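Listed below are the structures to be examined.
Here subunit A shows up in two complexes: once beside subunit B, once beside subunit C.
Up next, the complex of A and B:
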């Protein structure tokens, strides 16, 4: 365990050092992602600004959902967002052997070495909007905060599971660089109040591909709008992560290299 | 005349090779058949919820017009999509740009020909299937009001996107790693091109400012020409007028790209390519 922690720490250090090589580029990138994520709920602001609304939802409630969604996706990008690209690149180039011969678990190694500091701006931007929204929607109790943290963690489980599943497809479907786009499009359903969608989409985004857990469900906990079926959705999230890990480990065995 | 004929032959050859090269990754393009309609579905529910609550038109747009707008945005995107900035900055960053300096062809012309081939593929595997899905599954009327002007406007947007992105890519001659400035531009473009929401929703002073920035000419203008009417910052223009303005802005952008290219080329250094 200590060895793995050391590896992760070292990988984070390398990622930061690497970003510092092109300092101007990194600073520009961080500022724009920070600003970009402060204005990300632009559509919501413009809709409410024009006098329209999502029925039953105040502007700050919607912003709370979207800020949680942003923080969650930012953390996901930072800690495991590079998994897909890196696995894909290794398979395409035929260099996955260089990962397999290392004396550590290959899945952990790829997760650690793909730590991406560049997504810090996304998390920070999301947090700014999160705090502003929270100030406007009122206080949450300790129980609500605990529910929020649990559901937020489940949202991260979903995203890690999805990253692993997408990465796993690379072993058979080489150069599938647009797979994340497919996931990204479905993930958008978690960025809005689920009440605006029809029942089949709510069912799909709660129990089949539980992207509702990325933004909407944790926000519902903080807003005191949590319902029992949202908690049931925790199980598909855990299953999703387990499925991702299992499929990735299985697909690694199917890798056919060409010498590295 | 011979020069034009020669250029046409070059475009044809490069576009054909690019088409064949990317045809090997057809499924790559066909992912749009899933992604486009899913994004559209999200917009469909958002705007149904908003209009369901509102009832009346928003900024002069009825629900059906709004849905047509998002459909048009998606389809135009498939025809004008461009990554000339990424390509150029990669060539400069890696030093491979040197190989283009040795060829008897201007790199920008080569890149434009590549884009042409790439977008023919986009037309077949992205535009056509999504057009049919929007038209027959979502039952949104995707036939433009003025077909001729819409085609001209999309062509202008195609070139505008390319030349603007090429200018951004040229920044790599100064910065080497230009992904930061690319991200800045892309973030601004995603907001101010009209891809996110019709520009008439923005505050008035931003709408006025957008006349002087390149963003609306790549997306909002062709989408509004498709819709059959154009308004921004309270200024309504006839379709021929706005298409003419788009053409003038395109010419200015081409000029800017030439000036930047001439300055940039003096800064180029490479170590063997």
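Up next, the complex of A and C:
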């Protein structure tokens, strides 16, 4: 475990060093992703400014959901966002051997070396909106905070599981650039209060591909609007992560030619 | 080097086998596909499986402290063999034992004890100085600070890279980068290092530097397994050679054995005086000296002959040559490595 922490530390250093090497690129990238991600409060402000609303939700409640979604996806991009691309590159270029000759678990190694400082701006931006919204929606109790943290973590689990599953497909298909786009679209369901969708979408985004966990559920916890079935979603989240890890490991073994 | 391993003299550790490979086989499954639009459409729905024997029943041993050259034409199964030896590929059949490890079964504990340099696959992180990549390996292999500093210092000194390791990898020359790849592979003092075409694309001086380095490290006790297309690498470095063609081992022995394998032959290059009364060599394919064949004619005046010294001694050959022909220049050489290897590839490639 200590070894993996050391590797992570080095990876963070490398990522920061790389960012520092291409300063202009880093700054531009940060600004652009930040801009891309702060459009959401603008749209929400616009909707509520023109008198419309998401039924049953105040503007700051919606902003809270969306800021949590932004932080969560930002963290996901930072810690495991490069997994799909990196695995695909290694498989296509035939350089996966250089990973396999290292005395580490290759899934963890790739995760660690994928750490990208670029999404830091997004997380920070989300945090600002989060704090502003929180000030307006009132105080949350300690229990609510604990629930929030648990569900927030589950949201990260779903995203890690999904990243691993997508990355795993590259071992077999080599090129699969469209799947992450589809996933990105489906993920957007977590960005809105679920009550505005119809039953089947609620069902899908809670239990099948629990993207509700990425923004909406943890926000509900903080707003005191948590319902029991949201907690049930914890199971598919954990399942997703376990499935992701299992499939990824399985594909690595297949790549090594077990029984192939 | 602090590692005890390097302190012991090579002779004391004499003839212990570090690698033992028995009946190694690797079968691949691919899909048959013909060209053309119709075949493409068909293959979208149904693909016929084809089994390819990449490596067929290969057996060999490597002794500790050796440098072994693995040769073979493209697609012969060299890389597949190296992949199985480095634990990144499962064999279909057969047993590999490297220092008591089964590479594919105990991958993580095994790779800690080996290093690998792939001439065409960089392990350095492109955007940052090599020194940072080295630190990454320090974390991966869990090398203690003191040992890391000492090993790094020694390697940098031998490779003369003092001021280079601080510069971003992308601005380094190919030769400098390759030297850094060697540091990456050897920071953790592995007793065995695999080199897959380590001198590919390098200039003469850079190649020579790399070879010197390999020799030095070998004298300190590291065993090297080397695949290459550069026969100069093999001639200068390897003590023993294994030749693989079409997945099968076709030769295993010393370089001297390899030369003897094709009989004792000399190559004679002649420059003839075409105005001589004694006649001329060129155009005369059936040169009338025992054990002698014309192998090429570069121009009207230049001819290359191959002389089998088991049939005729060089002095006899010279006597007969000068009595029959006039020539202005002559050179007698050993059969080149290239000729030997080409012959072996051709002979073993046409067997089927």
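Here, the second predicted complex is superposed on the first by the 246 of 260 C-alpha atoms of A that agree within 3 Å, B and C clash if a C-alpha of one lies under 4 Å from a C-alpha of the other, contacts with A are read in each partner's own complex, and residues count from 1 in each chain.
The definition used in the following text is that contacts are C-beta pairs under 8 Å (C-beta built on N, C-alpha and C of every residue); 3 or more make two chains touch, one makes a residue touch a chain.
Since the model is a prediction, treat every value here as computed from it, not as a measurement.
Visitor: Would subunit B and subunit C fit next to each other on subunit A once aligned, or clash?
Guide: fit
Visitor: Have a look at where A:52 lands relative to subunit B and subunit C in the superposition and call it first, second, both or neither.
Guide: first
Visitor: Which of the two partners, first being subunit B and second being subunit C, lies in contact with A:6: first, second, both, or neither?
Guide: So A:6 only meets subunit C here.
Visitor: Look at A:246 in the shared chain and tell me whether it touches subunit B only, subunit C only, both, or neither; answer first, second, both or neither.
Guide: Neither subunit B nor subunit C is touched by A:246.
Visitor: So, A:207: does it touch subunit B (first), subunit C (second), both, or neither?
Guide: A:207 contacts neither subunit B nor subunit C.
Visitor: With the two complexes superposed on chain A, say which partner A:192 touches: subunit B (first), subunit C (second), both, or neither.
Guide: first
Visitor: Just checking: does A:101 make contact with subunit B only, subunit C only, both, or neither of them? Give me first, second, both or neither.
Guide: It touches subunit C, and subunit B stays clear.
Visitor: So, does A:85 touch the first partner subunit B, the second partner subunit C, both, or neither?
Guide: Once the two structures are laid over each other on A, A:85 reaches no partner at all.
Visitor: Output check: A:14 vs subunit B and subunit C. Expected answer is one of first, second, both, neither. What do you get?
Guide: Second partner only, subunit C.
Visitor: Counting touched residues of subunit A, say whether subunit B or subunit C comes out ahead.
Guide: Between subunit B and subunit C, the winner on subunit A residue contacts is B.
Visitor: Can you work out, in whole Å, how close the C-alpha atoms of subunit B and subunit C get once everything is superposed?
Guide: When the complexes share the chain A frame, the smallest subunit B-subunit C C-alpha distance is 11 Å.
Visitor: Which subunit A residues contact subunit B in one complex and subunit C in the other?
Guide: In the superposed arrangement, which is not itself an observed complex, subunit A uses residues 22 for both subunit B and subunit C.
Visitor: Okay, in this complex, where on subunit C does subunit A touch?
Guide: 26, 28-29, 83, 86-90, 92, 104, 107-109, 111-112, 114, 116, 118, 121-123, 125, 127-128, 132, 135-136, 138-142, 168
Visitor: Given the complex with subunit A, which residues does subunit B contribute to the contact?
Guide: It is residues 25, 27-28, 31, 34-35, 38-39, 42, 45-46, 48-54, 58-59, 175-181, 183-184, 187, 191, 196-197, 201-202 of subunit B that touch subunit A.
Visitor: Flag every residue of subunit A that touches subunit B in the complex, lowest number first.
Guide: By the definition above, subunit A touches subunit B via 22, 24-29, 32-33, 35-36, 39, 42-43, 46-47, 49-55, 175-179, 181-182, 184-186, 188-189, 192, 196-198, 201.
Visitor: For the complex, give me every residue of subunit A touching subunit C.
Guide: 3, 6-7, 9-11, 13-14, 17-18, 21-22, 93-98, 100-105, 109, 113, 256-260
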